[in-house]
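Next up: the structures, one after another.
Next come two complexes, and both contain subunit A; in the first it sits with subunit B, in the second with subunit C.
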Partner chain A sequence: MSFFAPGLEDAFRTAAAELGMCSASRLFVREAASDGPDAVAELSDRLGRPFPVLDAVAAAALEGAPLRGVDPGEVLATLAGLRRLLVAGFEADFLDALVRALSGEVRVGLVRTAFLEGDWERIADNYAGRLELVEMAAFAGWAGPRSGLLTFLYGVEGAVTHVAPAWLRVAGDDVRPIFRELVGWDVLGRPMSLYPRWLTEVPAGSFTRLA
Partner chain B sequence: MPPPPHHHRSQSAVTRFIRPEEIDALLEPWVPDAEDRRFLTRCLVEEGPLHHRGANFVLLRLLGELSRAVASGPERPAPGPGLPVPMRLPPHLRPDGEDDAVYPIRLPERAVERLAPRGSRDFDAIVDCLADGPPQHAVANVLMATILDDLLRRSGR
Partner chain C sequence: MTFAAAATTAILAATVLLQAAWPARRLVLVASGAALSALVVSLSGVSTTGRLLAGVPWDVLVLLVGLGLVTEVLVASRLFGLLAVRVARATRAAPGLLAFVFVLGMYAVSGVVNNLTALMLLLPVVLILFRLMGVSQRYVTWTLATLLVACNLGGAATPIGDFPAILLLGRGAMEFTEYLVRAAPLTLAALTLLLAAVFGLARPARGLAATPLSARLTVATLSAFHRGVRLDRRALLSGLLPLAGMVAAWLLVPASTGVGPELICWIGAAAALLGAGRLGERLARTRVDVEATLFLLFLFVMVGAVGETGVFRDAARLLAALPLPPTAQVAVFLVSSALLTGVFSAGPSMAALLPVAEVLAADHPPEAIYVGLALSVCAGSSLFLTAATAGPLTQALVERAGLRGEDGAPVDLGFFRFAPVGLLGFGVTLAVALVATLARL
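Up next, the complex of A and B:
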């Protein structure tokens, strides 16, 4: 007997496109956990290999680590003094918490590029005008000595971490010296144990700030 | 046996002699904000081609040594009016405000005026040459011009 209806993978992919890989994983693991650890184990078994972020979130749950709310305090400290924050990659749980905590004087932008295409307008509408969508061709217009680039990290293991490929399209050698901060926010909190498909490995030391 | 003249040293050999905290200290008289200094220091010796990082460190440190040797006391330099050092952006992405896309350091007009009258074509061309390019060039040029101007001023010139 399965805990899940057919179409589980399609459902997860849709959620990941709209929420981000880690946020969708948190949602699915939370829902599965309401049916007990066997449901989480089945979720991990069925979707872990195609979605290694989900595998890591499920593994943490199966080890007894509770899914906590997001505390943006640490990343907020890395953004002190910035007036513009441009985000590459999307994680709804985390960006929601960060945007709520940021001063209204800080402009927040989201680069319109992702490995799964969601409905960008709908995503931005959830932020009630606080989140500006920024085209790839225009993101350098956000540069400045009070500007930061932020992306989400999926675990840090020694000297390396994993990011959405969008980060590589944004944070090139020509862009690094026109933003004061290059911030990586680890949303997973543990390295993935399966092949990190969808994601790209980068040196953890390539960020000016880690949270 | 010594390596041939054009043998490239390893990356670690270059990064080992670069001490960013010494560049930060060098910037302090002209860039009071610590976060601004950290940003400029990264641009000078932690970004861009490796040979530029190393060369910037060496030249700036030597200028710093000279500055200390000439200094008669803890007098804080007064660089006078300065010109912005713009970031290199695509031309269609114009900044919103004056300080939106400029580095947090300014080129002392007085340094340029030593070579050409203000408002002249030469003055504008000199400014363009010093402040153009990626920051491992432009910010380094401006900082060197700032220190040299300060040295000349303290030498009574």
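Up next, the complex of A and C:
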């Protein structure tokens, strides 16, 4: 007897498109865990290989590590003094916590790229006007000595880490000098054990700050 | 038949056929058809372009644009997305119950806003739910096709729900209350019969695998999508209060005051946009449905040109000359109207058929003829997936959603998949229209 109906992969893909891979994984694992470890194991068996971030989140749950709330304290410290923060890539749980913790004086923008298939207007509506959607063409307008660029990392392993492809659209060599900080926030906290589909490998050293 | 009559009729028929066959060029086609019709009546001395333009029912266009803008203010309040989350929670994402509630919701919403808007409000969130809960081809076909039929029925239920009823209201053929009191119960009866057949006999969710955990995941994910979305109370009040005021004025202000339904709508829309502040200005500049407005304007010019040549009077005379009792003649008219709408869609059919109905209304109770016509057009709109603009739009949205069935095969809503439910909706609505109309004669 399966815990899940057919179509689980489509359901996860839909959730990940609008919440982010890690946030969707946390939601699915949390719901499955309320039916017991067998449900988490089945979730991991069915979706782990196509979605390695979910595999890592489920593995942590099966090892007994509880899903904790998000603490933005460390990343807040790396953003001290900034007045504009532009985010490439999306993780709902983490951006929610960060936006709540940031001073109202900091403008927060989310780069609108083709990689996310969610409803952008609804994504922004969740932030009560605090999150601005920024087109690629307007991206340079956010640069400056008190501006930072942030993306989410999916585990750091030695000198490399993995990011959403959206990061590659904004973080070229010409971008480093025009933003004060290029911040990578590790939302997974452990390296992935499977081939990181959907993500791109970048040097961890390409960020000015890691959190 | 004169040359002008034959030529304008041929232009109207050819244009309507061409725009149905080639929807990507429909606006240019009707613009060209209207220009050609004006040229024919001008050169033949039957009429002038000025007279054709003066004959355009501008009040109908004001109603369409005004109601569209009030709807946009309501949409900006985010009310409908939040309602969908509540529905998913209340039904615990049970597929059969969800489908039933959404069909009822579509009927209710379509009565207040135009059909396309109603569809655009509900369908995206319905499709997200489908992706989250997992569906079968059968479930998608029956649920979405029934939604479309309910959308047509809701549109015909009130004088502001869809173009045919708006045309009756705008041209003064019927008053607001008169239409509402006669049409709403009939559409509700048709909806009840439809729901009984679909959910009692066909049962869309039959055979669909569902588990408690998957249902919980569906609700949790949809809730997470709206975790911080808040109702924009200002936009909601800016839309709802003027709409309530408009309905009250339509019900209470007598025609003898000279304040017609179009002026009430105009004032209501202006109040809604003013109340919404900067949002109102942005909506007025960017959200007027220019395509639909121009399409109808050109259509009215073409129909007006045909009317100037006397074709509609002749058609009504032909109908009256049929060797049938008067009730049978009305039945022939209603069935023909439904079939014509199935092929040509509601806008062109209603615009062309109303002048014939006006002649019939001289010999029969007018309200019975007009409501019968509106319901027949509603039935025709449900006959084929292509009979109303909402059909192809739904088809495109379903394709874009990339739904897959339990076996992993792509799920769609094409012409032939829609056909059984469309025929059912057509049959039920037309039967109600015929019984109700003939009983009043």
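Quick notes on this structure:
Quick note on the criterion: the second predicted complex is superposed on the first by the 209 of 211 C-alpha atoms of A that agree within 3 Å, B and C clash if a C-alpha of one lies under 4 Å from a C-alpha of the other, contacts with A are read in each partner's own complex, and residues count from 1 in each chain.
The rule is simple: contacts are C-beta pairs under 8 Å (C-beta built on N, C-alpha and C of every residue); 3 or more make two chains touch, one makes a residue touch a chain.
Here the structure is a predicted model, which means the values were calculated and not measured.
Residue contacts after overlaying the shared chain place A:A101 against neither subunit B nor subunit C. When the two complexes are overlaid on their common chain A, residue A:Y127 makes contact with subunit C while staying clear of subunit B.
Using the contact criterion defined above for the overlaid structures, shared-chain residue A:V175 touches neither subunit B nor subunit C, since it reaches no partner. Residue contacts after overlaying the shared chain place A:D119 against subunit C, while subunit B stays out of touching range. Considering which of subunit B and subunit C touches more of subunit A, the answer is C. Contacts of A:L62 after superposition on the shared chain: neither subunit B nor subunit C is touched. By the document's definition of touching, of the two partners only subunit B reaches A:T208; subunit C does not.
Once chain A of one complex is fitted onto chain A of the other, the partner contacts of A:G141 are limited to subunit B, with no touch recorded for subunit C.
Contacts of A:G81 after superposition on the shared chain: subunit B is touched, whereas subunit C is not. The touching residues of subunit C, when paired with subunit A in their complex, are 78, 81, 124, 128, 131-135, 209-211, 213-214, 216-218, 220-221, 224-230, 402-404, 406-407. Interface residues of subunit A facing subunit C in the complex, by the touch rule stated above, are 2-8, 10-11, 13-15, 18-19, 23-24, 27-28, 31-32, 34-35, 39, 92, 96, 119, 122, 125-128. Subunit A makes touch with subunit B in their complex at residues 80-81, 138, 140-141, 143-146, 173-174, 176-178, 180, 208. Considering their complex, residues 35-36, 38-39, 42-43, 47-48, 87-90, 93-95, 99-104, 134-136 of subunit B touch subunit A.
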